[in-house]
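What follows are several structures.
Next come two complexes built around chain A: one with chain B, the other with chain C.
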Partner chain A sequence: MGRIPRSYLLNRVVTLLLTVWIAATLIWIIPRLSPVDPADIMLGRMAAGAGAVENADQILERLKANFGLNDPLVVQYVKYIRNVVIFDFGLSTATFPTQVSTLIARALPWTVGLMLLSVVITFFIGNALGALMAWDRSPKLVRVAIPAAMVFTSIPPILSGLLLMWILAAKLRWFPLTGAYGLTVEPGWTWGFVQSVIHHGFLPALSIVIVTFGFWALGMRGLMITVQGEDYVTLAKAKGLRPRYILYRYMIRNAILPQITAFALKIGLLVAGQVLVERIFAYNGMGKLLYDAILDQDFPVIQGVSFVIILMTAVSVFLVDLVYPFVDPRVRHDGGEA
Partner chain B sequence: MNALNVTDLSIDFPTARGVVHALTDLSFSVARGRRLGIIGESGSGKTTTALAVMRMLASPGFVSGGSIRLADLNVLALPEEEMRRARLRRVSYIPQGAMNSLNPVMRVKDQLKDAIVTHEGRTEREVLRTRIEDAFAGVGLPEHVGSLYPHELSGGMKQRVCIALGVILNPELIIADEPTSALDVVTQRQVMQTLKDVQQGIGAALILIGHDMGLMAQSVDELVVLKDGILVEHGDMRRVIVNPRHPYTRELVASVPLVGGESFLGNSSVVPDVARPREGLPLLEFENVHKDYGGITALHPMSFSLCGDEPRIISIVGQSGSGKSTMGSIMLGFNPPSKGRVLFEGQDVAGMSPLQLWDFRKNVQAVFQDPYACFNPFYRVDHALSFPFRRFGYATSDAQVQDSMHEACRAVGLDPALILRRYPHELSGGQRQRLIVARALMLNPKLLIADEPVSMVDASLRATILKNIYDLKDRHGISIFYITHDLATAYHVSDFVMVLYKGQVVEAGPPKEVIGDPQHPYTQLLIASIPWPDPDRDWGGTTTAAEDIAALDASDRDALTVFRGDVPGFRLDVGA
Partner chain C sequence: MTGHRAGEIKGWRLRRFESPWVNPKLFWGAGLLLAIVALGIIGRAFWNLDLAFTGAAPLKLPPVGFENLRGQEGAWIHPIGTDGSGRDMLALIVIGAPNSLFVGLLASLIGMSLGIFLGFSAGFIGGRTDDVIRVVSDVMITIPPLLILVVVQSAWGDVSLTMMALLIAGFVWQSPTRLIRAQVLSMKQSGYVQMARLSGASTMHIMFREMLPNLVPYLFGSFIANVTTSIVTAVGLEVLGLGPQRIPTLGRTIYEAINAGALIQNLWWWWGIPTLLLGLMFIGLLLVNLGLDEVSNPRLRKL
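On to the complex of A and B.
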């Protein structure tokens, strides 16, 4: 243990860069295999707006030139990679001529704020409940109530979201129906705005939590049952340690290790996973951006959002790789398990 | 006053198929300073007794009668909180699975610290530190071990940590549940003697649970023999071993294979009924095979050639870490040598075509140590037996497959009607191990690599399984490499013995010479470490064991191999 050796760090960084590069390349290749031409779509949209477009062929040519579609593929690819490095994904075709990076920058804080918070909360609640379900000293009520609560896990998020909206927003009027903040407040670092954001974020967050906590709880329960049978837990009891101490330091501490890895993967997927939640709550985050972009066949935005998703996954896995040896001493920095 | 009084103790396990009586009317007592052994096979109720004394019986087991008194404490009537406080402080438990008994994510010293602090409250840091250091010193562990994590310790070291933990609060009673079953003989002797020393040092009573009569003879004063949860014999250890009254005790004493003495294999003058025409090339050859793992030498260069005209059993003996299993996996082609070549019938194993490899796999079979891990739990036994049989093209019809399976089962003493339709988890360890032998037998290989085939089965079964393996050579003409740390069995089954120490063959020759009259200090140490079921035989004190090892380490590393004679059909060369 101790400090992370340079070779290990280098290894991880190279892996990270390689992953991101391969992903960026795939994102570039896949739309090019599609028969749909984004320039055609833009023209179609213009036609729909103005009735008819003069000089359609010229405009099409200009657009293709602007998007660099007339260049040889190699040139397009090199340009693309150079732009990716500075997070430049070009212009959105649906909301032309907005920069894709601007759209993402606008949506990202909302998603990261809401999603990250709800994923973290879910992780803690789910694992705590899972541990309690498996612990032989939990009160009976806990062991009956939690599995009952798991029913929510089997409800699709879209349904539970609607259910929560109907009960808590439409009927009880405790929370607003949709949006990320009230229409009457001015965005900024004011108390009123923060309050409004929390108020608006509560329902979507809750719908994510109740739908996904079961994933963690069931996983944790299984891990706890395995750990409960380990010899070191038997010896801990024979040492006369207090049951609670055994629960924390001997059982949860060991059972949680695989969950941490799963957590890293979840963080990366949180954007993609909660598209529908953002959609039904009209929450202007990355999920909604992606959803709209797919409907509009807005390739630059789809590419940009996909890239951000991959980047988040890769970075969170990278971070867990760095942290893991400190949580589990058996994982040595030279990569192998002891 | 006795440290422990157990009176008429009965323990039941209600199961779906009815109540299982794990223990029936067991009574015994042990005084402070004395050592009591509880011996029996797996399932005899030994560990159940230990857990009952700790009041840690696993659900659904419960005490259905009797009493347990720990000096003045009535264990069965104590409130839970008081029982918790009594654990470790009054009675400590040294568990069986030393490999896995320490929390993998905590430093070793912290696992002693939490025990002290729980029982004695906040203690000054300096005091804690010295106490833990003293505890480690008491079991012969260097100081720095405390800052390590469990995975950084060897099995023997982990077991010492458990002993240090067991005595740190000076309990009146120590229960050690097979504390050395996962260790090799040399380490076993050291650990056992450490345990005896610290027990005498604090004057506690010791209950030693085990299945090895030899270990009992060298370690305890009094012996309780359990069979199916019933005490069959109880008395002074010397009396029980020298003059056993119950037939089961006699069987246990007799089942310990001895170096010298009578062979447990019986008369073995059967002529092989399979004649193996040879095409002149040796069956298996090592050509200067050398293995290292990242600069650490696991196996020094060695060459041998097993001709295979006549079946031979070659034993490879040594402690854990001596390189014997590495040798086995190299022979099986699972582990390519760093240098040198492994030849099977003249063909380099590393350069085989898929077809040749298929033929190699068919002809070279393996029996591994862990009979639990060798079966896919999802398939019934008949599938496990018939799959490789069909795969290797032996099957001509379903009836013939059935016949072969039945024949193989009977050859290893199992009733095919009872066994074949079962799942592996419904069988005992001994049954599974015999099935693995049966599976190998069905494929009619030319060579069998048996890596510790009996180290995980009860003593009374060892002889049977070894007999099964021996029959492979005798009746079926199969040559065998027998990899083991058990010199007594190697003495009886093998034609040739190689003693491996730190990856080097230190002594080799026929077993009567090598094991019967060892010349190399390492072989001598191995023999001296075997616990004999003879109370009068000196096992040496703690210092002897340590001195022997120190002497060995000091001795010339590059000393030449001691060759003690040859056996036709096998040739060994050591060194490049």
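On to the complex of A and C.
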């Protein structure tokens, strides 16, 4: 395993598996504790669509049998976990009989794409600004203007999204209001489609970036202030190294490491924020899928989407944890014998 | 004369440095939050809140001084307009705004109490207890609360405000637990705790009289951060159409506005006023948190 000690790796893998297992179990238990029966709701939908339903009792029994709701709970649970492992969440009830996994596979690339884009932009802008704020040689304007602008970064992306949507899309009409690509373009690897995707993705990404970079900037500022007082920085200054060189090679390099750990803890909130941004922009990702499923009370889809998003979060945290020892050679995970 | 005044200003500066609690960020942040609470209290006394439940007024009426697309002008009976079903916006926010803050504070308070209890247990008892608490909080901290709560609420239907706060509290105990555990572990070795132990103080005394006061600045920061997380989660649920269905909330008002196409129809007051209030609430919380940071970490006071 190269430089990662086996005990550390094992520890991380166990945490990852435990997270996924607990999430899957919670998602399974919760509807079963509910006073409302999902099968009843489905029947209610049928009744609403077709007037009175004849033989409602028989249909209810068939539904329950099909969903395995008459089996003992343990059997249901084992079956469920086995299905989750192969990403089988059953059939969507609203767009019957589509597989839930098909719906998710269709939505996932949009969500992952938007997230990677906004996270990378945010991380760079935020850390750069935070470093400049704490650097004693940066222009005064930077040091005064950024903290003032940063007050707005405590706002969740859904609020900034609404504001940007209103100004840039509804009022100025610079960007489209909703969707992930234009209705007139054919999806495919054509220039027109890519252009349309960028045009549509700009506002959702901007509304996430604008409110999340402040978190990094604040953290970076605090770390830079600590690093500034370190002996090696004083020594570098005494050696007469160029201030810019000291900033990049001595200060930012050391200050950015704890930021990566902070990033791992922040992933969950980022994901949840993006789900909501996708919902207000009707962006074709997991957020819209989830929202539509809530409207239709489509339980299998709600469960599947929640599970996959939690899985994504857990895997991202796991990857950050694995990468960290490579970035920071000071970290030894097995008590110092590596 | 001028010398005297300069001395006075200097003295004032000095005093400000001596008492870190006199901090402009803390002042303005707390002021914003109190203003929202005051809106709820004064609004309840002077405004008819039934207007939030009865849609008797003309629909989509703009605030006073504006005109909507149909050419109707705002009237003083509904100073900040009405929503798409003729409910009074002022009544909606008088009920909704303090409720959001209430959910956040209650969830965070419960989470904090759980965190103090679990953190101290883990740090003090150690062994198997510590292992279990540590692993469970490590695991739970990576699960985004919104997604589990979406499953809970879509399965359970309508919930009350308190119930929502309780559900959210189930996801905000992890960070205080980890924080307190780490602090307790390092404090256990410190001189004054050893001293207290040698002088025969009870574990309870050591925990709550010797150690807890030293944790207060950390706890405050963590508390405020959790209030923000809780409100964001609650608003998220409401915007997805979940959350309490029978009482107006800011998130639900935004949900209804988006669904009715308020953005294209330029009904800015319908979604904009709840958005603005939530924004102010988050800015207030951030300022309080930054202020507390400066109180507990003097190095940050430079800026």
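Here are some notes:
Assume the second predicted complex is superposed on the first by the 307 of 338 C-alpha atoms of A that agree within 3 Å, B and C clash if a C-alpha of one lies under 4 Å from a C-alpha of the other, contacts with A are read in each partner's own complex, and residues count from 1 in each chain.
To be clear about the criterion, a contact is a pair of C-beta atoms (placed from the backbone, for glycine too) under 8 Å apart; a residue touches a chain by one contact, two chains touch by 3 or more.
Worth saying up front: this structure is predicted, and the values here are computed from it rather than measured.
Touch criterion met: A:Y250 reaches chain B, while chain C stays clear of it. In the superposition on chain A, contact of A:T234 is made with chain B only, not with chain C. Of the two partner chains, neither chain B nor chain C is touched by A:F326.
Considering which of chain B and chain C touches more of chain A, the answer is C. When the two structures are aligned on the shared chain, A:S306 is found in touch with chain C, with no touch to chain B. Of the two partner chains placed around the shared chain by superposition, chain C is the only one that A:L26 touches, whereas chain B remains out of contact.
Within the superposed three-chain model, A:R242 lies in touch with chain B and out of touch with chain C [touch as defined at top].
Once the two complexes are laid over each other on the shared chain, residue contacts for A:L269 go to chain C alone; chain B is not touched.
Overlap of the chain B and chain C contact sets on chain A: empty, with no shared residue. Those residues of chain C that touch chain A in the shared complex are 135, 138-148, 150-152, 154-157, 228-229, 232-233, 235-236, 239-242, 254, 258, 263-264, 266, 268, 271-272, 275, 278-279, 282-283, 285-287, 297, 299-300, 302-303.
Contact residues on chain A toward chain B in their complex (touch as defined above): 136, 230-232, 234-243, 245, 249-250, 253-254, 257, 327-330, 338.
Chain A makes touch with chain C in their complex at residues 15, 18-19, 22-23, 26-27, 30-31, 34-36, 38, 133, 143, 147, 151-156, 158-159, 162-163, 165-166, 169-171, 177, 221-222, 225-226, 265, 267-269, 271-273, 275-276, 279-280, 290-291, 294-295, 297, 299, 302-303, 305-306, 309-310, 313-314, 317. Touching chain A in their complex are the following residues of chain B: 54, 56, 59, 84-89, 92-93, 95-97, 99-106, 114-115, 118-119, 149, 151-152, 162, 165.
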